[in-house]
Structures are given as C-alpha cells and as structure tokens.
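One chain, chain A, appears in both complexes that follow, with chain B as partner in the first and chain C in the second.
And now, the complex of A and B:
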C-alpha cells in the first residue's frame, strides 16, 4: 500500500514538474470565439499566437487599466517584445516563461512547498507564400519534458514540443507534417486533467509526429492526424501509431459541440511496457450560456488492450465553469473523473487567474483528488501558484 | 478587429397593408453573421430596430452604431468600415405586395420577398426569406437575407491579417401588433 501511495505521489509530482503550455484559453467562447485559428499558428489552438492573437490579448484578455476611447488600439503592448523589435511580416515569434511553487499533500508524503519552472520556450513561425515552418525550443532542468527532449546534459534538457511544416492549401484547409499536439477534445490549459492524461492528448508533452489536416469553414471544423509516433522516443517500439481526430460544429456564436476519436498501437507502451492498443472516443462542448460564463465539458470512452487480451473499458471526463468577474479576472471550478479497472477516481479543481498586465498572468489552483486504488480511494491535495509571462 | 465587419441587419416587415399601421411588440432580435478564415466567425446584434411604412412599402431600419459584436474595439472598427457617421442607418425596404400574411383562419404564412437593402448609402436587391405566425394579437416574424458589404462599397475588413468575408447574412425575429 505504501509503495502504491508513494508511486501515486511521485506521479502527481511529475505531472506538476513537467512544463505546461501557455495560451490555450478555451473560455474565449465567452467572447464569441468558437475556433482558434485566427489567434494561433496551430489551427486548433495553443502555443504561438498570431499577430491577431497578440492583439486579442490586449483587447479582451487582460484587465484594462487605461481609458479606452474610440481611438484606442492595442499598440506596442501587443507587439513582440513590446515593440522593441520590428518583425517582418513573414515571421511571428514569441517567448514564454511560466514558474511558481506548489504544495502537494498525500497520505504518503510530508507536505512541502517546492519551486517549479514549468515553461521556458521560444517559438517561431516563418511563412513563405502558402508554406509555413513552425518550431519551438525550450530549456528546463534535466528530467523535465523528457518526451520532447532533443538534447540534454547533466543539468539541462533542451526540448522541442512542436516543429512542423505546413501548407495553407486554401484559406480553409491547412496540411501539416511534423510534431504537433493531437487533435482531440477541448484544448485546455489544465494539461494534467485526467481527460488529457488518460487520452495522452495534452498540449504539454503529448505531441506526436505525423501528418495532420485541419479544415474549417463556416460553422464546421474538422481535424485529423495520422500518428507516426513520438520520434523523440527510442527505440521505435515505444512509438504509438494510429490516428486522432475531431469534428466540431458551432451552434451559434457561443456554443460548440464536437466529437473526438483516437486509436493508437504501440509495440512497447511507454507506461506498461506491453504491446498496447489504446482507444478513446468522446464528445466535447464549449458554451457560454450567459455573458461572462464559459462552460467547457467533455466525456470519453476509453478502450485499452494489452498483448492481445480482451479490451478493458473505462471512461473519463471534465467539466469546468469559468466566470470572468471583470475583464482579465477569471475564477473557475471544475470536476473530473477517471474510471478504470481499479475503480473510479474523482477530482475537483478551484482556480483563479488574473491577466493583470500585458502578457502577464497570475494563476492559483487548488486540486483535490480521490484517487482510486485497489484498497479504495486515496486523497491528495495540491495547491499551485504560477506566474506566466510572455513576450 | 476583425471584424470590423460590419453590418447590419434589419428586417422585415409587417403587416400594415390595408389594416393600418403596426408597432413592434416585445423584444426584437436582430443579428448578423460574418465568416473569416478557418471557421472564424463574427456574430453581431442590434438592440435597436424600427419599422415605418410608406403607402407602397414597409421599411425596417437599424442604426449602424447600435450593431455590436461583444468586443468594443471590433465594434469601433466595424462602424468605421461602414462609415457610420456618413451613413448612420441601414434599411430594408419591402414592397407590401411582396408580403403574404396569414390568411383568415390560417396560423402561418411564409414566402420570399424581393426587397431593397440600403447600406453605406448603396441600394442593392435583397431576397428576403420570411415566415409569419398569427398571434393572439399581431404577428410574429422570422426573416433572413444575405448581403455583400463589398457590393455596398465597403472595404473588405482586414485586421492584423484576419480578413472577413464580405458575404454576410442577417436575421430578424420580432412581433408586430396593430397600432392603437
């Protein structure tokens, strides 16, 4: 039992210590943004923001302290490096750092506060005609971002979460090849939510290599990716191959419903070290029923099979209510579950985020989980504070 | 922002015909929709909407500055694109003989009316699809039509690389009652 609890604590710490990506604000549906492509280089959101996205950071994300008359524009606060560097039109770039401190409390660990540097990334996209080249590069202490590591020494991991080449075939269709986040579910910032970790579809470190096509037109959006595996993992037997995809429909300006599906096969699963087939199939919704409130929900069926055995069924889900008290200040409550053979784990999140200055936000989370074990549920409590700044 | 898009909305009609003048009753819902690249969309609405009539036509009007999209800067851009100061109102004019009201003993009617949409000071034909429902007092309406802002002489909205498709649509839901 103690061994299991220790493993659980280590796993939770690991989730916290790995970097998290920035700028994936699915609650933007509250502002009428049902899709992400106008603000992000990745058409499904997350990661590098476009010039348009930078402007939105000033327009409706951060708290406005200044008078905004009819002549107001975002100005240099929205520009890269606050306008200190003029970028050519063919280049968009950004740098982001996220750090803070966390306290984890489980039955098997002594509560302690530890510092975290979650993110230190540079990102850029070069566009030549219809061709885009995108890449990110980061550096964190050795042991972090292992799945995305490209180089390391005794103290530092150099990692790249995303790097791809894309072609804007039309204004509605982009085809990409390289390493990128999987299209699945809602692209939420909470990368260690069970809906993300159990499907391996977070925007933190679950990116894979493959070929991806994204189509968005009118009220419809669809994305599918043929997964060739995480080529930064070796040997090749660890790599998952399969597909991941989603389709979404906007029912009006503040309601999006969608379905997602994923199937991967690995000769040697990185967690179980078995031949493993993973499937996830589910539904997601983003809505803003009243001004200021965004509801993000998703539920997924999990199908897992190892070494050709009969598949085991499970499920996971996440529902979050985000309320913007005034522009820039968000409070959110979320519930989640993860049903596996061992039992059903339950979790609750309370979060507050304040975008109080240009390109800067402060976030505090409290996460309580009842983690299923063979002997019942084991509680864990986590408090996480983080400061996020980007250029 | 993005959108600046623009527009308008307005709509439809009413019965006044030989039965005399009508007034709006309750809340009217006037909306417009515009698309951008890769599923990007702008939806706006207006809380102001009025109906007037000439001997031959019904005229539905929306003040340009009353049209909002939920983001102030985008609204500002939109109003600038539409040159709201010079062209403060968009109107939809529908000849009365283009409208079919629920007949005696019928609850509903529907049809397509040929009207004229004026925006940015430019008239363009508008094919208005409408449906009416007889209420205890008055008639409720749902109507929609498409328009193209470029055809009305409005520059295609573009903000920081995001361009709005000038082909847009407007929809209106409202109820009219006989004027006292």
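And now, the complex of A and C:
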C-alpha cells in the first residue's frame, strides 16, 4: 500500500513539475464523432476525457500493434494510470504532459533552438447526482500560460485553466459557472492559430469566468456563455465582459456546420491599453468527405473599436486538411490568415502526429508565417517537435 | 524525464515575467513590445525596437536581461518624453509615449510557493490520491 502510494505521489509530483496539454481532436469527425460530449467532460470538447473517451482513444486513435479480434477490448491501457488505481464512479481524472523543442528563425533574431514545456495539468471531475465539479491544476515556470495563473512567485506558476461547477439540468442541457474555454469556432489543438489568438478563444489559457449553458439534442448543438472576465487577472479594468456562443448542426455523420459569435468590452484592453470592444462573428465546418480525411475550416469577421472610435474591420480564418495514413498516423496541412488594420498576415502549417502507444503521441510541426506589421510583412519559420503523454 | 526541461530556457512567452522579475514590477502588457499580433516578428514598438537594438533575441531570456540593462545604463528614452524607458516601466507608465499612467496587469495572487515549493500542490494531490487508495482498500 505504502509503495503504491509513494509511486503515485512521485508520479503526480513529476506531472506537476511539468507543463501539460489539452486533447481536442476536432478531426474525430473522420470517425463519425460530430459532437464532443460523449468523450469529454466539457461538452464542447478538450481537456478531461470520460471513461468512454478513454476507451475510444485506444480503439480508434492509437496505432493498433496487437491483433484485434471480434472480442478485443481496450483493457487497462484505457484506464486512468493504466489501471493502477481504481477510480470510484463519481470521479474521473487525468493528467497530461506535453513538451518538446522548437527552432525559430526570424529576420530580427539569430536562429535559436529552445525547449518548450506546454502543459502539466492534473484534472478531475467529481459528480454528485446532477451536480458536477471540475478543476485543473498545474505548474509552469513563471511567464508561461500567465492568463491561467492562480499563484505566482519568482520561479513557478501554479495555474488552473478550468474550474467550474455544473448542473445537468436535463439530459440535453448543462449549465455551468466558473472558468472554462469559450464556446467559439472549432476547438482545435493548434491554440496559437490566428483564428484562436485573434478571437482570444484558445484552449491554452484564454478561458474566462462566466456562466455557460450547453444544449445538445439530435443533430443540433448550441452553447452560450456570459463572460464575467478572467478573474485571475487584475486590476478588474482589464477584464473583458460580454458573451460568446455557437450553434452547430450535423448535416450527416461526417459533416458539421456552425456559426459563432462573440462580443466583449474591457475598460482597459490588455494589448492596446485602450477601452476596447471586440467582436468576432463567423462560420465553422468540420467534415470528412472521404474516409481518412478530415477538413476543418472556419472564417471570422473581426470588429474592433477602441475608445469609442469608429470600428475597424478585420478577418481571420483557418482551414486544415488532416489525413490519417493508417490508424494513429496523421499528416495535416493548414493555411491561415489574419487581416487587421496593420495589414494581412499569412501562415501555413505542416504537421505530422503519430499516436504510437497508449496515451502517447509524437508531433512535428513546421510553421511559416508572414507577419504584418506597420512597416510591412516579416517572415518567421518555426519547427516544433513535441511529445505528449497522458494518464 | 520531460520535466527537466521546465527549468530551462523558455520561449518568448516568458518575457513579461522576466521583465517583472528583473525590475520588480508587475508583468507589462504585450503591447509594450508587440505591434499587432503577439507573435514572432511583431516586436516593432519604439520600446521593442530599442530592446532589439540592444541585442534582444527571441527565446533567449539572457538577451532580454542584458538588453534591459543596456537600456538602463544608456538611459534610453524610446518615446522621447524625457523619462527613460526603464524608469517608465518602474513608474508604471508606457515607454512608447501614450503618457498615460496605468496599473500593469497581473495574473494570479502574489505568493510564495517556496516553503513548500511546487511540492505544496503535489502534496495536496498526493493526499487526494491517498484518500482514493484508502477508499479502494
């Protein structure tokens, strides 16, 4: 007993000393998953996966090395900590580590290679009747994922990306209050895509506090959130208030179309230091036109107004084709744009991800961007390699 | 043993924290250096340009620390308002010339994790795990 407890404590300590990740595989539409609630605690996907989601990860995400007959089942590889710990039914938990290294080239800097640690989160959800409590906790070096930081000192951030209380009002309706990812666009893993950063809707650290209602029935899904701001940010004038929401319709088992809308107001915007109203309105699609291929696309109108001035218009978008060569090995190509007052930035991504072992994947990205500035476009190149492991 | 990496050099996302640590101020906003999207290649504000001129490199915290020291020793005043950039950061004003005094944004509660270090969080989680294991037993 003591040995097992010690081993688990060491494991958890290791996780806490490392940054981690969120699973959000929107390409699952290729496998007929048009919604996310069956596999994720968050009904819009990302983060903690349910027991069913764990099993599906073994069944259709990783490369199968073993013979799979008609009686085959995922077994302990799908369980939390590979079955080392039996969890009670009221608790689901998990942890992820994502880290690696990147090489960056820009005109203003010498090429550099640097290690990156992205996440080290431990997540849990406790369910009592119709009430759910969800929380995540992690540790990162100071300066990383600052928006999610709950405690800071000179060396380490303790951060919590998500923490909320929810009520399953009916089988179709979930109401939640707390800090959570904003319902907007496709919940993609590429959190620094411009479609996410310019709308401030990424799943890395852009979560906000507020009240959220998610409704899903039949082919329809809708989610709206009243945003009270990031309560981990002070002074309060920097916090954005407003709403974010989406509605989606599954036209078929492998085609989802949707629309998203967002409006926030801040007395003092974190980037411009002006009173600022941000709006984003757009469309998103997830489809799998042929077996093995997933197309994820979205485009958004950006409306920006500072200090009561006339709004300026911009736009952003992302389109990605993900092809599963064989089960577990994905290659993807993506294009993106960001049109702002300063100019239009363009980017291209090439990625390969291999889910080669239970709860483990290796990913390599090449990202080329032409970044608009007031003096013209400046290019940047990045090669990013990362290893992701979850429990 | 990936967590070994967490103590090593970081991407430029750590720079606000480095500035805060070096100058003992709250983390400055992204806009103090970035013009447009907060991504690589957009460090074009007057203050950002001064840092680059002083040797700032992406993903190199030592270069940022050295550049800040250079600006301080040379009394660089990027917006020409008569107050040096470092003094403006210390005063909580914008070194790019907006002239407004604003309180810098800060995330999370200021506290020390030193006594227990990050171990404090791990201890809490280990206790939780212990409870679970005991329930199972």
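Everything below uses one rule, namely that the second predicted complex is superposed on the first by the 370 of 391 C-alpha atoms of A that agree within 3 Å, B and C clash if a C-alpha of one lies under 4 Å from a C-alpha of the other, contacts with A are read in each partner's own complex, and residues count from 1 in each chain.
We adopt the following convention: contacts are C-beta pairs under 8 Å (C-beta built on N, C-alpha and C of every residue); 3 or more make two chains touch, one makes a residue touch a chain.
Just so we're clear, the structure is a prediction, and the values are computed from it rather than from any experiment.
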Checklist entry - Given the superposition on chain A, are chain B and chain C in a clash or a fit? => result fit
Checklist entry - Is A:371 touching the first partner chain B, the second partner chain C, both, or neither of them? => result second
Next on the checklist: So in the superposed three-chain picture, is A:35 touching just chain B, just chain C, both, or none of them (first/second/both/neither)?
Outcome noted: first
Next on the checklist: Looking only at contacts as defined up top, I'd like to know whether chain B or chain C touches more of chain A.
Outcome noted: C
Next on the checklist: Going by the contact rule set out at the top, does A:339 touch chain B (first), chain C (second), both, or neither?
Outcome noted: neither
Checklist entry - Touching A:88 in the superposition: chain B (first), chain C (second), both, neither? => result second
Checklist entry - When the two structures are overlaid on chain A, which partner does A:146 contact: first (chain B), second (chain C), both, or neither? => result second
Next on the checklist: Just to be sure I read the superposition right, which of the two partners does A:116 touch: chain B = first, chain C = second, or both, or neither?
Outcome noted: second
Checklist entry - What is the contact status of A:55 with respect to chain B (first) and chain C (second): first, second, both, or neither? => result first
Checklist entry - Which holds for A:97: it touches chain B only (first), chain C only (second), both, or neither? => result second
Next on the checklist: With the superposition applied, I'd like the minimum CA-CA separation between chain B and chain C in Å.
Outcome noted: 20
Item to check | Footprint of chain B on chain A - complex, ascending | outcome: 31-32, 34-35, 37-38, 43, 50-52, 54-56, 59-60, 68, 70, 72-74, 171-172, 174, 214, 216-221, 250, 252-253
Checklist entry - What does chain B use to touch chain A in their complex? => result 1-2, 33, 35-43, 69-74, 76, 159-162
Checklist entry - If you look only at chain A, which of its residues touch chain C in the complex? => result 1, 4-5, 8-9, 12-19, 85-88, 91, 97, 99, 102, 104, 106-110, 112, 114-117, 120, 122, 137, 139-144, 146-159, 192, 194, 197-198, 230, 232-235, 238, 268, 270-273, 338, 340, 342-343, 345, 369, 371-375, 378-380, 382, 387, 389
Checklist outcome for this item: The chain C residues in contact with chain A across the complex are 2-3, 5-11, 13-18, 21, 27, 29-31, 34-44, 52, 56-60, 94, 98, 100, 102-103, 105-114, 117-119, 121-122, 125-126, 129-130, 132-133, 135-137
